[in-house]
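Chain lettering (A, B and C) follows the sequence in which the chains are written, and residue indices restart at 1 in each chain.
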Amino acid sequence: MPVMNIKNFSFTYPKVDHPSLKNITLPIMKDKITALIGPSGCGKSTLLRSMNRIHDVYPGNKYDGKIELLDLETGKMNNILEIKKENELIKLRQQVGMIFQKPTPFPMSIFENVAYGLKIAGLKNKTELADRVEQALKDGALWKEVHDRLGKSAMGLSGGQQQRLCIARAVAVKPEVLLFDEPTSALDPISTGAIEELLVELKKDVSIAIVTHNMQQASRISDYTAFMYLGDLIEYDKTETIFLNPKEKTTEDYITGRFG
Amino acid sequence: MRLIVNKIFLSLSVFSALIGLAFLAWILVTLFIKGLGSFHFGLFLNDLIDGGLRNLIVGQFILAGLASIIGIPLGMAAGIYIQEYGRGRYPSIIRDLSDIMMSAPSIVIGAFVYAVIVVPTGGTSGYAGAIALAIMMIPVVINTTDNMLSLVPKELREAGIALGASKYRVILDIVIKAAKVGIMTGILLAFARIIGETAPLLFTSETSNYFSLDLSESFPSLTVSIYDLANEPEESSRDLAWAASFILTVLVLIINLTGRFFTRHKD
Amino acid sequence: MEKIFQKLSLASATVVFVILLGIFLTLFSSSKLAIDEFGLDFITNPDWNKEIVIDAPISSENSIIDDDVVVDDNDDEIMDEDEMLFDEDNEDGITKTVYGGLVPIVGTLLTTLIALVFALPIAMGIAVFLAEIAPKNISHIVGIAIELLAAIPSIIFGMWGLYYFAPIIADLVGGYQVSLLTAGLVLGVMILPFMAAITRDSMNTTPGVLKESAYALGATKFEVIKDIIFPFSKTGIIGSIILALGRALGETMAVAFLIGSIFVLPTAINSPTISIPVAMANNFGEANGLGESALFYLALILFIISFGIISIAKFYFLKKAK
């Protein structure tokens, strides 16, 4: 069942005439990994960034259509595009987390990094914080490497470790959905492998949407794949189908490397 | 032939660098010789009225300190506005005006403060002097804050927002922290600059021969007194001016170098 | 909380605007007296604080040009009628104090010019050395040394300049130790580091591939600098020069020690004279009424010139890519 429903969604950047996304409809399935693939400029990152409304950091965007998020308490689907108030946007981002292409450790200690989301959500109890941080670092497959230096600066970690730190940080607030924007394209192959394994583990508890320009990665780890081109959703289906038996010619051309 | 021209040109360039260094060395050596010659620890124990420099040194620090208390928060807040909050053309207008003010004549700022504070309040005061120094400090702090904040990658801000932090928390907890070292260096350099200023103080706080903590009157200033002492006919005044110049320069250079070492040892 | 923070930062930014506006308005209003009295003649009149005593008393020989102005036989302006009524001192003569800013204006412009001519070649040489010739660590250390030169307070330059530099110049050139020349030269030493630093930064923006292509063709370092780097960074270099000019215009303390501080037009390059900042520094304490207003008039002129020059540097030459 879907944790998010994107319905007839169009998006236009500020001060631009033409929409970057046109009439997109697709579900994000609960506790599964959905990959967004397509050539550069197809809009996959734009779509991903709409799912936690991070676009709103830069005012002037135009949204059309709906993006519905499942409210775990009520079981209802709410249109997140209707959220206007600042504190509700904040709540949204605690439900839908994001990891970026470039690892973004905050200039603080490892512990402070992971605890940050919890602290701003109001968690003050030191013991509980410590427990949650430990759990998150374990979920992020980083605990073993850093458990004895939690007080050290996060900037001293390697690229792959920093990215896992960002994952642990996002996981700590127990979001429903995690959005990954090309999380391994800045990393070496070994770190990439480690993170791919991590994603497959994480999907047990959290739904994942991942943008990747690496088709092999999409076919390796995702359950569902959406192929996009020039702002349109060309095809969405189970990953096997997309890669072995695509219905659209454009999809097939992309998969077989004829372009992109 | 081309090689000869090349050699000549390069030699001239190296020669220019040596000239620049020579001037620096000449000034520093002069200060050392003349300053150390008149230097004795009594300078730190006596006030100008007794032939010492204590009140002047303390006074200069107090003026610069008060100016910093006013100028640093204002400058940083304005820099944050320009870089983080501003929309439309207003922030870049402010940035441009601030840049222009950075190079504005310091004596004009002194005249301004004279007209708007000294005249209405009926006399010179340490407050007026500190405000003149603050006006000089603000554009420098704005410039450094603005530049250092612009170096912070936007992904860092987005990561904070993506965790559910509000904008001001992202700015305070993450962005400023990331730019912390650069901003501190800039502030230290700004402080070094205003502590060496004379012109803005000439008719706003003037100076005083006595130790004072009363900012509502003329307030002791190391720089203004150097000017006065140098203009007095007595040899002893001149010697004192040299000692004061020596101490002032050492202070300014120490603060300046401290600021630079800060950037080297960042973590 | 967010709103408060936002409003505070906006308010702080506006303070800058308010201060600048305040400076303009204050200078205008404080110099109004002098502007009304002297008008634009202030700029061309070399007499400062001169009492013009005209001996001839009012008589039928004096013609009245208009209701307010009375002239004597030589068409020199005497006081207007109202002032004459209060002229108690001179039963047989009328006086008027006149202020003209020509000397300080000329002094300011000439010292700056001398500073520029002196500093330019040296600053360019230093910039070339730092950017292209010196190996990284030497460039770094020398760069810091140059910046320390910039950090030295103006009054220190005055002290050193007066007691050590000026005598040497006077020996070489003859004439007074305090003069246009010595003030201009020390001013030059002061703007040297600033010009060198900005020029070096401009030169460093030249893309490495451009330089490498030239070297690959067999060009010498001099040719690369002359034909590739300088043309590329030309606007930045000119900007640095103009900006340094803007700063030199406003320099007070060093010039105060060295220029001589007399309101006399320089007859030669080693004549003592005065500049606007020095005129202000020396006279503000004692001036009152018209005299003080004349000083503000000078300040206004200086501010407008500096503002103009710095703006030109900034907007035409030093455009930063954001």
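Quick note on the criterion: a residue touches a chain if its C-beta (ideal position, glycine included) is under 8 Å from a C-beta of that chain, and two chains touch if they have at least 3 such contacts.
It should be emphasised that the depicted structure is a prediction, and the values quoted were computed from it without experimental measurement.
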| item | value |
| --- | --- |
| Path length in steps (a step moves to a chain that is touched) from subunit A to subunit C | 2 |
| Chain whose Cα centroid lies at the greatest distance from that of subunit C | A |
| Centre-most chain, if every chain is reduced to its averaged C-alpha atoms | B |
| Subunit A-subunit C separation of Cα centroids, rounded to whole Å | 58 |
| Distance from subunit B to subunit A - Cα centre to Cα centre, in angstrom | 47 |
| Separation of subunit B from subunit C, taking each centre as the mean of its C-alpha atoms, in whole Å | 20 |
| Subunit B: positions in contact with at least two other chains | 166 |
| Junction residues of subunit C - those touching two or more other chains | 2 |
| Where subunit A touches two or more other chains, by residue | 86 |
| Residue numbers on subunit B that touch subunit C, as the complex places them | 2-3, 5-6, 9-10, 12-17, 19-21, 23-24, 26-27, 30-31, 34, 73-75, 77-78, 80-82, 84-86, 90-91, 93-94, 96-101, 103-109, 111-112, 114-116, 135, 138-139, 142, 150, 166-168, 171, 189, 192-193, 196-199, 202-203, 223, 226-227, 230, 241-242, 245, 248-249, 252-253, 256-257, 260 |
| Subunit A contact footprint on subunit B (complex, rising order) | 87, 153, 155-166, 169, 173-174, 177-178, 180, 267 |
| List of subunit C residues in touch with subunit B within their complex | 1-2, 5-6, 8-17, 19-20, 22-23, 26-27, 30, 121-126, 128-130, 133-134, 142, 144-149, 151-160, 162-164, 189, 192-193, 196, 220-223, 225, 243, 246-247, 249-253, 256-257, 277, 280-281, 284-285, 295-296, 299, 302-303, 306-307, 310-311, 314-315, 322 |
| Complex contacts: residues of subunit A adjacent to subunit B | 52, 54, 57, 59, 86, 90-94, 97-98, 100-102, 104, 106-108, 116-117, 120-121, 153, 155, 166, 169-170, 173 |
